[in-house]
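There are two complexes below, and they share subunit A, which is joined by subunit B in the first and by subunit C in the second.
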Partner chain A sequence: MWLGPSLALIGAVVAYPAALLIRASLSQYSVTGLYQGSVGLRNYARLLRQEALTTVVANTLVWVTVIVMVTLMLSLGLAQFLDKSFPGRRLVRWALIVPWAASLIMTSKLFVWIYDYYFGILNPMLQSLGVLHHPVDWLGDDSTVMGAMITVGIFVSLPFTTYVLLAGLQAIPADVFEAARVDGASAWRTYRSVTFPLLRPALLVAAVLNIIYVFNSFPIVWTLNDRNPGFGHDTMITYMYKIAFKSSLRDVGLAAALGVVNVLLILLAVLVYLRSVRWRAQEA
Partner chain B sequence: MRRRRLTSLSLVSAVAVLLLIGCDGKPGAAVTSIKVVIADYSKDHTRPFWQRLSETYTKQTGIKIDLQVVDWNSIDQQITTMIQNNQPPDVLNLNSFSSYAKDGLLHSADQVMSVKTRDDFLATFTRGGEYQGTLYGFPILSSARAFFYNKDLLARAGVGAPPKTWDEFVKAAQRVQALGKGTIGYALPLGPEEAQAEWSIWMWNNGGDWKSGDQWTINSDKNLQTLQFLSDLANKHRVTQVNPGRTNRTDGAFQLFKDGKVGMVMGFSPLAKQLDTEGKVNYGVAEMPTNAGTAVTLAVEDYLMAFKKPGNQDAVTKFLELYYQPETITRWISAEGFLPVTKSGLDRMRADPTLKPYLDALPNAKLVPTTDPAWDKVKLEVQQNIGLAVQPGGSPKQVLDQLQRNATTAAGGR
Partner chain C sequence: MAVEISVAGARGAFRRVRLACAGLLLALVVTAPYLVMLFTAAKPVGELRASPPRLTPVAWHWDTFVDVLRDPGFQSWLRVSLSVALASTALVVLAAVPAAYYTARHRFRGRTAFLFLVLVTQMFSPTALVVGLHREFFELGLINTYAALILTNAAFNLAFAIWILRAFFASIPREIEDAAAVDGCGRLRVLVRIVLPLSLPGVVTAGIFAFIAAWNEYIVALTLMTDPDKRPLTVGITSYVTAYVQHWNSLFAASIITIVPVVVLFALIERHLVGGLTAGSVK
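What follows is the complex of A and B.
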């Protein structure tokens, strides 16, 4: 009986919308959004026939993998750094929160102006440092768009990840380090054999939450990629939006089908990740 | 809880219906409030104007207004969701209408508008709002493109007058570009934001068109020649900004022009307003350069439409009549910096000398084929693809053929 309210909440915010999404994915709508009847699984079949699908899936894979991995690596270092006490630590900790607290759209717009070919500060900066000889159209050149977007993705994922890992670090009792020191372990050895294994739960949480968060991220790709025609740099989330409202498909049913696929895919990814991690833990 | 609310709602409406039937015996209860969805043209003017209009309306009729001012970026999404959930607005402001008319969702003009109001519309815009010969999309405002040039840059480049033909245009652009230091001859925005507008103007000024009669003619020889010309501007003559196929209008081409980096650009009256406010660029406004004898420009008509909902006909009629009072509609259009859609509005706005070039162009301006429901898809297809044709290595022919195929498919079914 005590479960009642929470079950009702889950029903209202998870199950009901999910049911609506699935129903929409089995229906046909006109351009205006008018319901025109059920079509069974036809939207799913059409989805598989979309030319852009392969590119979009590959983009998504790169987008999620690179951001999550680089973020975790950088955050491990940052968390270690913030765990040490040094003058001004509080200030640095606060400063790290800023990109997290700022709205994603604001941050993305800011980066659009940093990257911009004519007005951006990145090109003049790199040119004066001698890294570049000619300015680069970061957001318009096919070879640099994804990298530019991923950089922003990492930038905004760092704070949360670092704080999760920092909390993990601070949860490690001081006496295990003392024991390691008594045993005469080097700093690197201590980190590898004591800190890292004890950090594993925090790392797991950070990885899973980041996978979901980065996969579902819409504003960065949407804002930085809005000048590019076609679907060459879209992830599955922005592709879904374009199918529904911004491409000539203009099809809510087809977009809903992709929405269902997205949810299943992210569940699958997290499951695979958790299994592989547990498998490795048992082996060790 | 949902069910309870539904029950009480149906109870209330049942009582209301009974009461009304008791009163005058007409079928269908008149509504006591209407939902009005307006696109956000500017932060300063749109909401205040419609808020005030709603208050006046409620005072006069006793009918409440649920006013929603929606950002252009998300308006398609929000309207689609409303219709999908079977909660359409009563009055909607948008840049397309014919798909809604085709789906049978709209009141026609004779159901919600007096003859006097209808007759005041300029003929171009009445035609632009008709679906299969019936007026469903009521003009709310219009705008027209014009050719903007930076007087200082053209003078420094030794170009005496703004170019009238395409040959003159290429020469002028080359000279401005040759000034160096990042100066750009012509800012060409073919990115997804508004590519269909830029493309329309070039297409028409070479004698091509979207359609001929009922047939789409996107890949005609004339149009292929036009797109090749634009591609040459970017890749052969090199007189445009970098990556024109990936430059949007507002934060790309206009921004560069406002910054004084660009010799020429296709602008419209709101851009003039911004340039005047900033006072940084000494600019002139001229007719489009043409390759077909007479200069053609693009006019854009935005619409108001009335959705069919039980009992809302009278309330919607009163609302539209209130907006189309000559004094009211002109007050709003002037505040937003756009152009009139009514004869009375045209007379009133002639007094403003800064609007002269646009008002002069308006009678000869052409509209994109918004009256064809297939346009809603064709437009998006053009926005997402035409930029690819002017990229290095892009193929104008391939892009136009693809657009033509998809337009024909969109016209054939859904």
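What follows is the complex of A and C.
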């Protein structure tokens, strides 16, 4: 069977663990991970009673919305810029690839160093520019840590988004712009009435895929928020991970319940994605 | 071109220079954090804790790169990363080629369902399923095995390979295959002898993508590989900076050694990335 190997892989490493996740969410486990029987929906009820849940859900909302919105806005400009022809354009495209190709965990460690209160380069730089008067403990101060993490999130989301929008721009036939020019439309008018509407499908795809990627993002929050105790700056993904694997908790059942919620949210986003691209097998 | 030296031409040239300068600035801004990485890696230990911190080293100390390459820990992580990434790449290509070929050439019951399944796996990162994945490999006794890591990487990167290969296969004219079939080639031989050589760039693209994704994978390795000797680079190098030791220069030298090859590979497949990641919805 031609599809056999693919189906076997997906079945063994995607479908089966998904089933185990659901089962785990209905079960109880010892701290060492041994199965101790079914508990029905009790894990879900416990999840709702977690003190940290409200904060974590709010963090996730801020994390996803701000990153996706800002990334899209910046990428619209970047894509427009890269669509022009000028010497060195390849260089810019390659530069943009670096944050995309680099391992996220290494980029996250890099920003821990850049943000460092004592030895990081960010504080002295901002001070010499006159933006700051005193150094800020970016990752230790409750009021700045989310913003600092979101900045990194935007930084690593820009390349993919810009590339998708650039591909969208380049798919617009040149004669459309020619027609607008003949009609005497200004550059801004052309952008608003011609480019932007034609770019909407690409924008939609970039938005939904980014929502999924950013929601799923783990290394940035995991690394930059490493020093802070508790769950004050966690997203639903890192919160789930801490419940499951951080030494003091190790509550598989509770983590699995949150895991199921996360999976359902992603599934919802996938459905929105499919609707938005009017996905049909023939086209894919 | 050179004939027309008009005001408009001069203005165009001026505009191109301005754009090029803006481009250069943009390239610098995007890579600036990684320059900090490079400069920090090149600082001697004494300068890491200089106050106030300097951007560039006073004395450039490239030896850290050599030290990292000689570090048995780093060599072990590198070996694991290479083996896991290569094995999962091979697995991805082996599984994706027949699936992509079959779905590109045949309409059959369940085809839509299959492609839908593939798309869903692409949207799900292992992150969302990590608790389930851990349960599975824990119950199978596969914690701390390369097999667990290889299989996970392969499964989650299958989708990109299938989309890319389908596009390449579909672009090959059917007549070539029909001719080969008339000459007595079986379906498998047509695929191996005719179709694959013609779509080699697609196979390379799919392979490179699978390799990079496995090379950069973090959360599954962090969760499943608790034995320090079996950790890949992404997890291993974080041990250069912990609560007890702070070898930032080694961490960043190792990071640069890890990042540079994949940036080059990524640049090679740049053109195909968007198509593979958006599953044909954006042209």
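Here, the second predicted complex is superposed on the first by the 250 of 284 C-alpha atoms of A that agree within 3 Å, B and C clash if a C-alpha of one lies under 4 Å from a C-alpha of the other, contacts with A are read in each partner's own complex, and residues count from 1 in each chain.
In this text, contacts are C-beta pairs under 8 Å (C-beta built on N, C-alpha and C of every residue); 3 or more make two chains touch, one makes a residue touch a chain.
Computed from a predicted structure; not experimentally measured.
Once the two complexes are laid over each other on the shared chain, residue contacts for A:Y118 go to subunit B and to subunit C alike.
Contacts of A:R250 after superposition: subunit B is touched, whereas subunit C is not reached. Look at A:V270: by the touch rule set out above, it reaches subunit C but stays clear of subunit B. Judged by the touch definition given at the top, the superposed model places A:A52 against neither subunit B nor subunit C. By the document's definition of touching, of the two partners only subunit B reaches A:S30; subunit C does not.
Legend: residue contacts after superposition of the two complexes on their common chain; A:L126 is shown touching neither subunit B nor subunit C. Which of subunit B and subunit C touches more residues of subunit A: that partner is C. In the superposition on chain A, contact is made by A:L110 with subunit C only, not with subunit B.
By the touch criterion defined above, A:D137 reaches subunit B but does not reach subunit C. The residues of subunit A shared by its contacts with subunit B and with subunit C are 24, 33, 118-119, 241, 244-245, 252.
Chain contact summary for the complex, subunit C toward subunit A: residues 16, 19-20, 22-24, 26-28, 30-31, 33-34, 36-37, 40, 48-53, 55, 91, 94-96, 98-99, 101-103, 111-112, 114-121, 123-125, 127-136, 138-139, 151-152, 154-156, 158, 162-163, 166, 212, 215-216, 218-219, 223, 233-235, 237-238, 241, 248, 251-252, 255, 258-259, 262-263, 265-267, 270, 273-275, 277-283. Within the complex formed with subunit C, the subunit A residues making contact are 2-10, 12-14, 16-22, 24, 33, 78, 81, 84, 86-89, 91-107, 109-111, 113-114, 118-121, 124-125, 155, 158, 160, 163-164, 166-168, 171, 201-202, 205, 209, 212-213, 216-219, 237, 240-241, 244-245, 252, 255-256, 259, 262-263, 266-267, 269-270, 273-274, 277, 279-281, 283-284.
For subunit A in complex with subunit B, the residues that touch the partner chain are 24, 29-35, 112, 117-119, 137, 139-141, 226-231, 241-242, 244-250, 252. If you check the complex, the residues on subunit B that touch subunit A are 76-77, 79-84, 86, 99-100, 102-103, 105, 182, 190-193, 195, 241-243, 245-248, 251-252, 255-256, 259, 261, 373, 376-378, 380-381, 383-388, 406, 410, 414.
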